[in-house]
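Both complexes shown next keep subunit A, but they swap its partner, so subunit B is in the first and subunit C is in the second.
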Partner chain A sequence: MTVTSSRSRRAGWVGAAYAAPTALIVGVFFIVPLLLVGWMSLHDWPLLGLPEINAPENFTAMADNELIADAAWFTVKYTVIITVLLFAVAFGLALLVQHQRRGVGLLRTAFFLPVAVGFASASLLFLGLLSQEIGPFKTDEYISWTSGSPSLALGSAVVLVLWRFAGFNMLIMLTGLQAIPTELYEAARIDGATRFQIFRRITVPLMRPTIALVLTLMIAGSLLAFDQFWILTRGGPDNSTTSLVMVIYREAFIRLDLGAAAALSVVLLGVLVVFNVIQFGVLRSRRGA
Partner chain B sequence: MRGTSPQRAMLAVLASAALVLGMAACSEGKTNTPAALAVDDGATLTLWTRAATEGVSKKFADAYNATHKNKVQVTAYPNEEYPAKLASAAGARALPDLFASDVVFAPQYASENLWLDITDRVNALPFKDKLAKAHLDNAVWKNKNYAVPHTIDMSVMLYSIDLYTKAGLDPSKPPKNLNEFADHARKIDALGGDVNGTYFGGNCGGCNVFTLWPSVWAAGGEVMDKEGTKSTVNSKEMADVFALYRKLYDEGVAAPAAKDEAGPTWLGALQGGNIGIAPGPSVWLGLIEEKGVKMGVAPITGISGGESTFIGGDSMGIGATSTKAAQAWDFLQWTMGDEAQVEVVAKNKGIPFRTDLAANKYSSADPRIVTINNLVAKGRTPYAKNFNATYNDPQSPWIATFRGAFFGPDAKKALDDGAAKLTASLQKS
Partner chain C sequence: MMARAGYYTTGAALAILFLFPLLWSGYASVSTESGFGLENYGRLFTSDNGIRPYHVVNSVLVCLITVGGTLLISTLGGYAFGRFRFPGRDLLFLVTLAILMVPYATILIALYVLLGWMGLQDSLLGLGLVLIMFQLPFSIFMMRNSFEAVPKELEESALIDGCNSFGVLTRVMLHAVRPGLITVGLFAFLTSWNEFFAPLILLNSTDQFTLTLAVVNMRTATFGSIDYAALEAGVMFMAVPCVLLFLFLQRSYVRGFMSGALKG
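Our next item is the complex of A and B:
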């Protein structure tokens, strides 16, 4: 009795010791900053000097900020567009290269390669490519791909994001596809199922956890969009491509109002949490059904 | 991020070393007051600047390091990243010993106390009254000095000698007023082909502040009150200037790319040699001529005459968290001295920010440089605490305002609405 309990107690300590480094890192780099942002959002927080409590001013002041409503609407619009397109392209690519065939290795590498380019560098690369002044593609009629019109600017950013992220999401979905046992496909084929039936009844249901993961990553990433607009379109033309994170950046580093920036971050975090809870809820109920 | 801990450790070592040195300087200072203001005792000083100013800062540092015991180390950051870099350094109480800022952002940094109060040191300068006044005054907050001029860049009219000649205009007679400027631009535009009459940054806040406001000042108008709290962007003088450029764009005299120019390709457009005459930064003179385009320089004028300029450039002050203020001041004081102004600034075709050194042995070799240097006394630097958020930032109300005035359906309404929005932004605490 005593032997086993002391052994299990020791095992508990060992387990805790193994988990400690991770817990420490999560604590220092995730929980502490999170609490700090919440704390900051309640204060008038200067760069130097002592903060003063001013709650709830940082939150109520959002109502006067004209940029926020437009940026929120744009961010949602962008998230919907990019999630649909990116999912379709990435899934398509994954289906294209899921079987071992001649040349598939080359294709997989080619699709995945853009991931190796930093996102900011990729944005700069597109800025140069799309420029009529310094880029390689010149049209007879002058056209600005990055700030000629709101839809052109958004379109350019979408193409950039598709190019940069399709390969990464393809890879995740490829692992999902390859986890489906081939016996299932064989059995279905013997039963005389068509390609479409196989896709609908076997591939999609068994891919559900992977799809959920990919969608969660895409939605969270899109709601936090920054680099592509900050560098490629500078939020323009006429603030038509200003994302929420750009508004946060403006509050923090242009207006030097850290409290207001923290308050906006807290709100955005809340929205993200709600989105994720809904997503996981949907996922779980489908799995139960 | 990865570099944080070694940096911290080094900072700690440097800080403690500086503390010891600082104490030594203080005790020495009790007997000899000037020594307390500026000390050259072999300290290592960190200096931050943005890429646009890096060249000048490095030349200053090299010349200073060669003749002093203190050593200045220059670190430059990309222009867009720089304000964020400073803000995070301030938050971490790890500002460099010296840092530069765009002169129009100086009131904001001063009000946030990111620089040390150097009022006593500035007042002790024998040449204080000879420093470019508009520039110096921009780093004042509540009657205290926080920074001194570091570089000067002014807005001027740049025009292509070749295109002037081709269009039958006399390159020795640049426009005397904005209407003449428009006429010249039209004549050059008529040459056709890839040639355009003029160019401007139709989607760039900083560019238009820099190039359009002098025309308003030259006409005796104002764009903003002296305290930087109320916008008069809908004044007649400003509206006239917008209308003139709007017309040039509508007629196709301004290059079509002007509408979307956000800044990055502005210099490239002028270097191409296909633009007749356009306002731009004086420091680009050398950069354009490097590409084989011969340029003339003229002052920016008002609609019917007068001339003015926007005195831009960078201010530099001592980081508020620095423990080496006396050593840092030794460097700053030296950069404003005769030797640095002539042998570093003027020699490299820069503009001395000492008005008594406008004419010097290097400037007299090029009459265009004399034209530019003499403008320092006529120019202005607008003062506003919220300058960046109101005018420079891509999401600023200024950009929305002038885009309405240049390209929108109703210029007058854009300016009236804009004035209200600009004033609100300027007054935000």
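Our next item is the complex of A and C:
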């Protein structure tokens, strides 16, 4: 007995040593900046020069900043559109390729391949693809697909995101689909259930944890959208596709006001935390019911 | 019979739809006024706003730091979380996963200031360290699951042979967790090679720019007309290594993803 306990105590010390590099990186590059951003939000913090406390000015100033209100509204609208469409496309693709049959591997690879392309590269790719100069969607009358009108700009970003992220979400949902025991389907079929009944009564309920994971990833990702609008639409026309993270960047590195950027970051973080708590709450209560 | 034909028609149409942008980009990058050629790639490297060989070197350096650092730290960390009990274990694991919950932009503003204090402003090393941190939730989770899945007997026989815990790790465990390592390494490479937002914030001078920043700069720093053909050449230059690597490692990547990343 004493031998085991002294060995496990020593093992405890050894385990902590192996975890030390993780703790160091997480501490220095995650915990410290997390505290620092809160501290910065309470200051007038220019990009160059000394910070001075000005709380709560950075937060109260947000209410008067029209760009923030517009960007917040646009970001929410974009999040709803992307979440609905991306979920439908990814779920559809996952259902299409869920069974092992000839050629299905090729389909999976084709759908997943855009994930290997970086998102910034993908945005540049679509900039050329949707251009009148070299793209295949040339029209007689010049229309800029990426910045001709607010809805065209949003639409082109939506198409880009669907192309780039459908395969990734398909793969996650595929893992969920394949975890459903085949006996359940067989039993339902023997009982005479239709395809739609099987989908509604078996697939969807058993996929709930996976669906929750995918929706969380989609919503969080869309609320933080940046690359697609920075590169593809440049936030235009007339700031109509300017997302919240673009405003944070603008406050920090164009208006050189790190304090305001930090305050906005803190608010965004707060929204996401609240959202995650609600999400977990809903998930748990459904599971209980 | 009809259903099967319908299935394959739908599948093929969708596959073409998904492959089309990449194929078009490849075509556009080599098509010139007189036919086909590599002139667009030439302009990519020679035009005023174009990329330079040192941009490629910068990207390779960031990748080496990120992939090497992520593999090292997540192997040691995964071993610790998967095979040992120590005080604070669960807390550290949860905090590491919490990195996923925090918006990228939120901490990058603070990291910009923090790296300045540490003398790592505008530095590839600083960028690499930050990218390692962003990789950790996925990598630690993946490696912990990989280490947990290794049978106890393997470890015990090595211990009886007189190995200490580090010997067990290097002689027995590393081989057993190789699929996990490949997935973690591939993911770290794809992220660090392609990452745009973190270098945009952390790197200031054009001679420190990574490839992605330099190519995007061809679009954003141009006020006149954009050289779209050279831009597509840039897209191909960045995407082709990733696509090839992915196709080559697809089997182990997808298997690792399905068995490890999403378990539990």
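Just so it is clear, the second predicted complex is superposed on the first by the 261 of 289 C-alpha atoms of A that agree within 3 Å, B and C clash if a C-alpha of one lies under 4 Å from a C-alpha of the other, contacts with A are read in each partner's own complex, and residues count from 1 in each chain.
As a working rule, contacts are C-beta pairs under 8 Å (C-beta built on N, C-alpha and C of every residue); 3 or more make two chains touch, one makes a residue touch a chain.
Here the structure is a predicted model, which means the values were calculated and not measured.
Model built by superposing both complexes on subunit A: subunit B and subunit C clash. Once the two complexes are overlaid on the shared chain, A:Leu258 sits against subunit B and subunit C alike.
Once the two complexes are overlaid on the shared chain, A:Gly281 sits clear of subunit B and of subunit C alike. By the touch criterion defined above, A:Ser144 lies against subunit B but remains apart from subunit C after alignment on the C-alpha atoms of chain A. When the two complexes are overlaid on their common chain A, residue A:Leu272 makes contact with subunit C while staying clear of subunit B.
By the touch criterion defined above, A:Arg234 reaches both subunit B and subunit C.
Ranked by how many residues of subunit A each touches, subunit B and subunit C are led by C. Contact with neither subunit B nor subunit C is seen for A:Pro181 once the two complexes are overlaid on the shared chain. Within the superposed three-chain model, A:Ile134 lies in touch with subunit B and with subunit C [touch as defined at top].
Residue contacts after overlaying the shared chain place A:Pro205 against neither subunit B nor subunit C. Note on the chain A alignment: of 259-267, 295-303 or 367-375, the part of subunit B that runs into subunit C is 259-267.
Taken together, the two complexes place residues 127, 131, 133-134, 234, 249, 252-253, 258 of subunit A in contact with subunit B and also with subunit C.
Interface residues of subunit C facing subunit A in the complex, by the touch rule stated above, are 7-8, 10-11, 14-15, 18-19, 21-22, 24-25, 28, 72-74, 76-77, 79-81, 83-89, 92, 95-96, 99, 101-107, 109-114, 129-130, 132-133, 136, 140, 165, 190, 193-197, 200-201, 212, 215-216, 219-220, 225-226, 228-229, 231-232, 234-235, 238-239, 242-243, 245-247, 250, 254, 257-258, 262. Of all residues in subunit B, only 83-84, 87, 90-91, 93, 108, 112-114, 203, 256-257, 259-260, 262, 264-265, 268-269, 320-321, 386, 388-389, 393-395, 399-400, 403, 428 touch subunit A in the complex they form.
Residues of subunit A touching subunit B in their complex: 46-49, 67, 127, 131-134, 142, 144, 146-148, 234-239, 242, 246-247, 249-250, 252-256, 258. The touching residues of subunit A, counted against subunit C in their complex, run 8, 11-19, 21-23, 25-26, 29-34, 36-37, 40, 45, 93, 96-97, 103-104, 106-107, 109-122, 124-129, 131, 133-136, 163, 166-167, 171-172, 174-175, 178, 213, 220, 223-224, 226-227, 230-231, 234, 245, 248-249, 252-253, 258, 261-262, 265-266, 268-269, 272-273, 276.
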